[in-house]
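Before anything else, here is the set of structures, which you'll find just below.
The same chain A turns up in both complexes below, where it pairs with chain B and then with chain C.
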Partner chain A sequence: MNSIGEDCNELKKQYDACFNSWFSERFLKGQTDDSACAPIFRVYQECVKRAMKEQKIELREIETEYTTSSEYDNSSSSGGKQQQSKS
Partner chain B sequence: MVVAASTCRTETVFDYSWMNVVVAYWNRYPNPSSTHVLTEDTIQREVRDGKLYSRRLLSKTNPVPKWGARFYNNVPVKIVEDSVLDPVKKTFTTFTRNLGMKKIMKVDEIVVYSEQKDGKTLAVRRAYISSQVFGFSRAIRAFGIERFKSNGNKASNGFNHVLRRMFPHSQLVIHPQPSIATASSASELAVATVATTSSSSGNHNKSETFKSAAKVGYEFFKCHASKIAQLFSVRN
Partner chain C sequence: MKIWTSEHIFNHPWETVTQAAWRKYPNPMTPSIIGTDVVERRVVDGVLHTHRLVQSKWYFPKWTHALIGTAKTCFASERSTVDPDRKQMVLKTNNLTFCRNISVDEVLYYEPHPSDSTKTLLKQEATVTVYGVPLSHYMEDILTSTISTNAGKGRQGLEWVIGLINTEVQGIARGTDELIHNTRRSIDEVTESARKSMDEISTQAAKAAKAMHIT
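The block that comes next holds the complex of A and B.
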């Protein structure tokens, strides 16, 4: 799968490969140390952030994290604009 | 301002262990049902309290035919996916929503993948769809998200394809191979004639376009509401 930044494809491929082996060989086996892919992730991140900036993709509007299911269930009946609170 | 919302809940069982499902999840693109998914990036990732938190950015093409392009920007739609994976409890929760175009339609989906007693993986999907655009919101409220619901099983075929490819010998129950869905919601909705009429107005002002389009016909919105809902969804 391609990256949003064309020039990030190679870095993404390297990071994904690193992550996939870390995920199945280590993380799922109880090792939570995630430093193995940190260096390649950092380089890949810089590339993606640059691409996002160039393409004017703003993440500001997604500051909120998860909303609970109950909030969704409640707001469906009220029909109002829902306020998402940070937990 | 009119805001109407619709929720739906669907369940899908994957005939694979939770471990296989979560490993395949990160590799589910590309698949034969995901030709509309263009890019996929991990933009944040960390392990906190033994859980893996990820934030990914996906972009999808707009499957809108030319006559519909003037109603919303014909640019790739961006979708943000946050997820939490708990390897101890064996739960994996994803939360996706579209970036931008939220006044036209907001599609929020929460999927929880958990281990069933029989070792298979249950995915419970809740979708919350809302719109501030009068025509759309009315359409959403009126027709619910039946189509969205009915395509649930077809949509998981893309992921099943990846699971079969990655774990050819791990399927817990052998089913006849389902046909791969081509995920072309546009072709399923035959209201092109109605829409063509409305698109001939030649009005490029978006709000004006929506106002005039609102008069054209309820079917048009019904069609587009379901189409945009699918566009903003990342089930494939």
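The block that comes next holds the complex of A and C.
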């Protein structure tokens, strides 16, 4: 799958490959340390953020929600549906 | 507002389905998804949290273009959690760029089947709301049909990816080309029938619009 930024495709491919093997070989087996793909993730992230800026894709509302919801706290702004998922 | 729900059982364990869910795109069944990017990802208390940006192209019947504009590239925001202890994967998608007139919210839940842990239960809900345009109900109906068609294709797409993963696991590298070839052939039939049903919807919608002197 391509990235939204054409020049991020190669980085994305590398990161996805790293993530997919981490997810199946480690995370699903109970090892939650995610530092293995962190370096490539950082480089890929910088590229994506740049591409988003260039294409004027705004995630502002969502990012606001993020920071105010104490980093993925389950009882965050989108309350109703999130709770459903717990039931 | 229109709400659509559906359930589907995959004959594969939860671990396989969740792996496939990350690799769902690209697949030949959902060519409308043209890009995905991870914007944020981290593990908090053993739960994997991911925020992705999903780029897609939606095509609507021509008569709707005057109301909502032609189908352009759309960006949706997908937030997900994977809890390996509880074996639950939840993906919530909100569309970013239809925001002005249309809001589509979708939630997917992947859990082991309650009575058979070798299978996975997928629950889907979508909420469609169209604001401030004429014929809102028709628009919502059309979008809901589109989602329904797309959801079916999404599940077939996931099965296709699971097929790929299982092939990889068995180490049959040669099989993949064949699998893709065969899948493409059967997909053509699916796409054709999906296209036909979209045509039918737009014909009906155009008739209704004409009757109301919209066109």
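Operating definition for what follows: the second predicted complex is superposed on the first by the 62 of 87 C-alpha atoms of A that agree within 3 Å, B and C clash if a C-alpha of one lies under 4 Å from a C-alpha of the other, contacts with A are read in each partner's own complex, and residues count from 1 in each chain.
As a working rule, contacts are C-beta pairs under 8 Å (C-beta built on N, C-alpha and C of every residue); 3 or more make two chains touch, one makes a residue touch a chain.
Only a predicted model underlies this, so the values are computations on that prediction, with no experimental measurement involved.
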Quiz item: Of the two partner chains, chain B (first) and chain C (second), which one does A:Thr32 touch, if any: first, second, both, or neither?
Solution: both
Quiz item: Is A:Asn2 in contact with chain B, with chain C, with both, or with neither (first, second, both, neither)?
Solution: both
Quiz prompt | Doubly contacted chain A residues - partners chain C and chain B | solution = 1-4, 8, 12, 15-16, 19-20, 23-24, 27-28, 30, 32-34, 41, 44-45, 48, 52, 57-59, 62, 66, 72, 81
Quiz item: Which of the residues in chain C come into contact with chain A in the complex?
Solution: 15, 18-19, 22-23, 25-26, 33-44, 46, 48-49, 51, 53, 55, 75, 77, 81-82, 84, 88, 90, 92, 94, 96, 105, 107, 109
Self-check item: Contacting residues of chain A [partner chain C, same complex]
Solution: 1-5, 8, 12, 15-16, 19-20, 23-24, 27-28, 30, 32-34, 41, 44-45, 48, 51-52, 57-59, 62, 66, 71-72, 78, 81, 84-85
Self-check item: chain A contact footprint on chain B (complex, rising order)
Solution: 3-7, 19, 22-23, 26-27, 29-30, 37-43, 45-47, 50, 52, 57, 59, 78, 80, 82, 84, 87, 93, 95, 97, 99-100, 102, 108, 110, 126, 128, 130
Quiz item: Considering the complex alone, what residue numbers of chain A touch chain B?
Solution: 1-4, 8, 12, 15-16, 19-20, 23-24, 27-28, 30, 32-34, 41, 44-45, 48-49, 52, 57-59, 61-62, 65-67, 69, 72-73, 75-76, 79-81
